[in-house]
Amino acid sequence: MPVPAPTLYPPFNIVRLSHVEYRVTDLAASRAFYVDTLGLQVTTEDNDRIYLRAMEERGHHCIVLVQADVAEVGVLGFKLYDEPDLDRAADFFAQRDLPVEWVERPHMGRTLRTRDPWGIPLEFYVKMDRLEPIHQKYRLYNGVKPLRIDHFNMFSSDVDASVAFYSEIGFRVTEYTEDDESKRLWAAWMHRKGGVHDVAFTNGTGPRLHHTAFWVPTPLNIIDLLDLMSTTGYVANIERGPGRHGISNAFFLYVRDPDGHRIEIYCSDYQTVDPDLEPIRWSLTDPQRQTLWGAPAPRSWFEEGSLFEGITPKESALKAQPIIAP
Amino acid sequence: MPVPAPTLYPPFNIVRLSHVEYRVTDLAASRAFYVDTLGLQVTTEDNDRIYLRAMEERGHHCIVLVQADVAEVGVLGFKLYDEPDLDRAADFFAQRDLPVEWVERPHMGRTLRTRDPWGIPLEFYVKMDRLEPIHQKYRLYNGVKPLRIDHFNMFSSDVDASVAFYSEIGFRVTEYTEDDESKRLWAAWMHRKGGVHDVAFTNGTGPRLHHTAFWVPTPLNIIDLLDLMSTTGYVANIERGPGRHGISNAFFLYVRDPDGHRIEIYCSDYQTVDPDLEPIRWSLTDPQRQTLWGAPAPRSWFEEGSLFEGITPKESALKAQPIIAP
Amino acid sequence: MPVPAPTLYPPFNIVRLSHVEYRVTDLAASRAFYVDTLGLQVTTEDNDRIYLRAMEERGHHCIVLVQADVAEVGVLGFKLYDEPDLDRAADFFAQRDLPVEWVERPHMGRTLRTRDPWGIPLEFYVKMDRLEPIHQKYRLYNGVKPLRIDHFNMFSSDVDASVAFYSEIGFRVTEYTEDDESKRLWAAWMHRKGGVHDVAFTNGTGPRLHHTAFWVPTPLNIIDLLDLMSTTGYVANIERGPGRHGISNAFFLYVRDPDGHRIEIYCSDYQTVDPDLEPIRWSLTDPQRQTLWGAPAPRSWFEEGSLFEGITPKESALKAQPIIAP
Amino acid sequence: MPVPAPTLYPPFNIVRLSHVEYRVTDLAASRAFYVDTLGLQVTTEDNDRIYLRAMEERGHHCIVLVQADVAEVGVLGFKLYDEPDLDRAADFFAQRDLPVEWVERPHMGRTLRTRDPWGIPLEFYVKMDRLEPIHQKYRLYNGVKPLRIDHFNMFSSDVDASVAFYSEIGFRVTEYTEDDESKRLWAAWMHRKGGVHDVAFTNGTGPRLHHTAFWVPTPLNIIDLLDLMSTTGYVANIERGPGRHGISNAFFLYVRDPDGHRIEIYCSDYQTVDPDLEPIRWSLTDPQRQTLWGAPAPRSWFEEGSLFEGITPKESALKAQPIIAP
């Protein structure tokens, strides 16, 4: 098996992915997309910045939209279990000569800012402002009824190496795609919180953010979003789907925000809390891994992604070709 | 408006579409598809012929599968309101020099066999064996949980003429696609029973049967069928969808039977019983008429269809091009 | 069979039920209920009167809310097929010494106002203002996403007689409940438009309106309404359900408006266009006819209803007892 | 707050609830219920014992049905994280003078058998036979399409004490019901795996097992089960629901197996992995905690439960009354 054995006792305890900072070029247009169309809830906003949460989240934000000149990704945030984990994380990154900085973040406690070995900007924290539950304020549900942030998916120019690193810090592989020839990883899905993934890596020019995903109640909410987007001026923002992934078995839809940041709407994957859960292998030549129902993804889905702040991505050396819609 | 005004008092009263005879080259393979996969119920069968009904139907059959050397369509059946309508129908077709034959059909009463002006084989009847209700025998529900036959869609080499003829016998246009240049009809949807259509005509080499559609309870049943087909050897039989049609507003999926006969799974169109319902016009250049969500249909969907018994189709003179998936 | 044979050629052609006038004591409260909670769309309104339509309707209104001192029902409206049907209807009611009056109704053409033999106020018309389609303006969908008015259900003090009269004017019985002892009808469901009913009659002090029903896309929309009502101050307005009726096989919920008028939310009954459709008989002693899943209805559901303008209801002579929730 | 602070570093690491042994008096009748009606999959069976798993589970079993003279519960099973956790668990129970026994269990590795302080039989293990995934073998899905075991709910004669004990071994309270007068706990929901609960305790004669719950994809699967049970002879086995719990926000249905063991069908609660998740308090006088939509539960639901092997339950001293359906 080309994936590392899970690290049962990682150096620090990551609870789950937490939030993403998207830099956007027209904050009002982004608000119309994320709030009025997807249905995320505004928790705080000013002229430069909008904080959003999904319906069942009690942390202050899962997305920060920041007005900027260039559309890119500021940081990916992760919640740690307890305060000592923060210090252990700082030690871990410092020992690897990766940047370690304690930063001030509104609405968050002690926050460690660092980067992974390929430059992906990461921040770790334990405490974020906790808000009143709104999951039973049904008047507020709107759009696709997003319940929670589910995962980040990233392009990596060396998926084997990315998986090795994230495995070392405790992420466990649930499914992966292997190139039958080279026996190298084409893609892998890795979790902390007990679903199919908190993070995934796909072969390509990287690092770039492929997408951020939100969990919704049922496939019918995804159909509702398609109906809404296709009759409110967003039909060109629908990129792929709806469909069921072979990998993860989730029902999905991919849409693009006004700057092209890709959002996946996602539901119905499976529980993965068992530490001895066996990863599922897929061949790169199997079109059903992408879409169980057989339809390949469009070229844009394989090629386009969001840049991370301050990092120039590199081409991947792995040149195997996925199956692209003709 | 390029569509004829509805004929309020047609020469005979057609209640609804009723049944189709599919000639198939491997009856066992067709049984596996229609019964074990789609979930239609067998009402009578022998070595040569299988009669099927859907879950809420009380008539004896909506599909007859007939073992044959060549895959084609034997006949399209329609139920008339009352016995005198049968005689009026015979008069109508005879007056137009179309074939009129009274035939014996198992499980059916007096049956008139004829053809439309382009040779489509039609049969009309009033009485068919009525069976016990099974719509509350929930143990029997299977596959996509088909509730009833919904409509026939046919390629026509002259949609304007087809619409004029079927309008004369009482079908009312609910929606249509017009070529903006020539002002000719590209396609039209016509009903008797109070939904968007019992019959539809689409420009193309015709007459051929494009598809027969079945009504199912909700979009989730269609997702269930996709999951089932894609994991039981039928992934290549999934042709188009799932999606929502702009025209009809229905949620749809197109699949192909083992002989290539096309079946649409369909739900959630709207009620059309008002005789003054205004037809909805769509431009041939609007991709949302096909799929509200923007995805074009594949080439096979525009080009392939089932031949009718005894008829060689003709090319259409209308050469405008639909939008085809690249 | 205790139900009359269907009248194949009725004296005038009723297309479908069309609209109801509800007199309400607090128009603003009613607007909050029907518009903001159920999701019906306002087509015209002033200080005294609000006209509403459901999402797939193109006629001007299916409900008229009228500010009044007393909550009651002003009239039940039905659409006829063609202008001569209006005159035939006038003749029919005049011959039976029932009131016949031609009235002016905003947004409607020639309108015949009459009463049935027990005093239920009825109006018939052919033309109502036709509005632009909104069924694909998905931004407007709200509340339970009501698609169309589906049926009226009335208390009758003599269901056998009511059924005989409505059968004479073309309504066809689809299902009925019989008292095993007396062989009298306890209730009956009768249609014109091809569903299980346009009108139903239930034994009880009558005539009174038991409820008006609206068709919605799927059971999940009904669950959404329950979630919304129970968290916006309407939990006490939820009377019965959700459940599946044995009779009609429909998924249902009953709610009460601020004046106590009862609204059913309803989906997934079956097609009944065949004129030879055999009515389904249910015994009064079978609890599954009310709720297939076995739960009996509450007492209020059997006893409470809306008065019709100008009519004092009479007790029923049929004293058999339904099964009431303890 | 009457609930203990979460134990961040418990004495041993419980991953999740795992399985239950039900002793049943007619194994064939139980098989018809669990396999043919609920849709659980048989993994091993002989004349005395049937092992079942749900569709997304890869462990060998979540239910063991054992033919017995008396219907009761043999044991509740929990999966631990790693082998050392087993020894730490043995130490923990031994130190409290609770029984500690290493037992042989087919299909399971080293297994610790013990009891909680009130006698509930528990077993802990790390390794169970892992089976091939079947979650994408859609032909196998049946009944309610059960995906995984979700939680155990137990009657406790002293909920405060039960919660204190289970909190000490790492379960974290997500929601609880408090008696406003006595400030004592009426009920509490506690998790390990990241949902609303792995175990819950409700005031009553205890210890007894109130129910075992299974997670299903959507509310529509629960409606499907209701339709199936009500037309295959199980209508009297439907005890409560469908509805949405205020507590947990889950959509639910309670059914009884042929021996009266109660099974909850459950979906759509929320993610609880944050260690600082604030428990939600409900008042015992709030009927919406039971059913958000307002309907109270029947008396049987409050009073009946399954006995645990070898233990005589005791009455609770807390006499506050829940709201019971009249």
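Note that the chains are named A, B, C and D in the order they appear, and that numbering of residues resets to 1 at the start of each chain.
In this section, contacts are C-beta pairs under 8 Å (C-beta built on N, C-alpha and C of every residue); 3 or more make two chains touch, one makes a residue touch a chain.
For each chain, UniProt lists the protein as follows: A, B, C, D = 3,4-dihydroxyphenylacetate 2,3-dioxygenase.
No experiment lies behind these values; they were computed from the predicted model shown.
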| item | value |
| --- | --- |
| A-B or B-C - the one linked by more C-beta pairs in contact | B-C |
| Interface copy of B-D among C-D, A-D or A-C, judged by whether over half of the contact pairs recur | A-C |
| Averaged-CA centre spacing for the pair chain C and chain B, given as whole angstrom | 32 |
| Inter-centroid spacing, chain B versus chain A (mean Cα positions, whole Å) | 44 |
| Numbers and ranges of chain D residues touching at least 2 other chains | 136, 218-220, 227, 230-231, 292 |
| Contact set on chain C toward chain D in their complex | 218-220, 223, 226-227, 229-231, 235-236, 238, 242, 244, 251, 288, 292-295, 325-326 |
| Touch list for chain D against partner chain A, complex | 8, 15-16, 56, 58-59, 79, 81-82, 126-127, 130, 133, 135-136, 147-148, 193-194, 217-219, 246, 249, 268, 270-271, 273-278, 280, 292 |
| For the chain D and chain B complex, residues of the former touching the latter | 136-139, 218, 220, 224, 227-228, 230-232 |
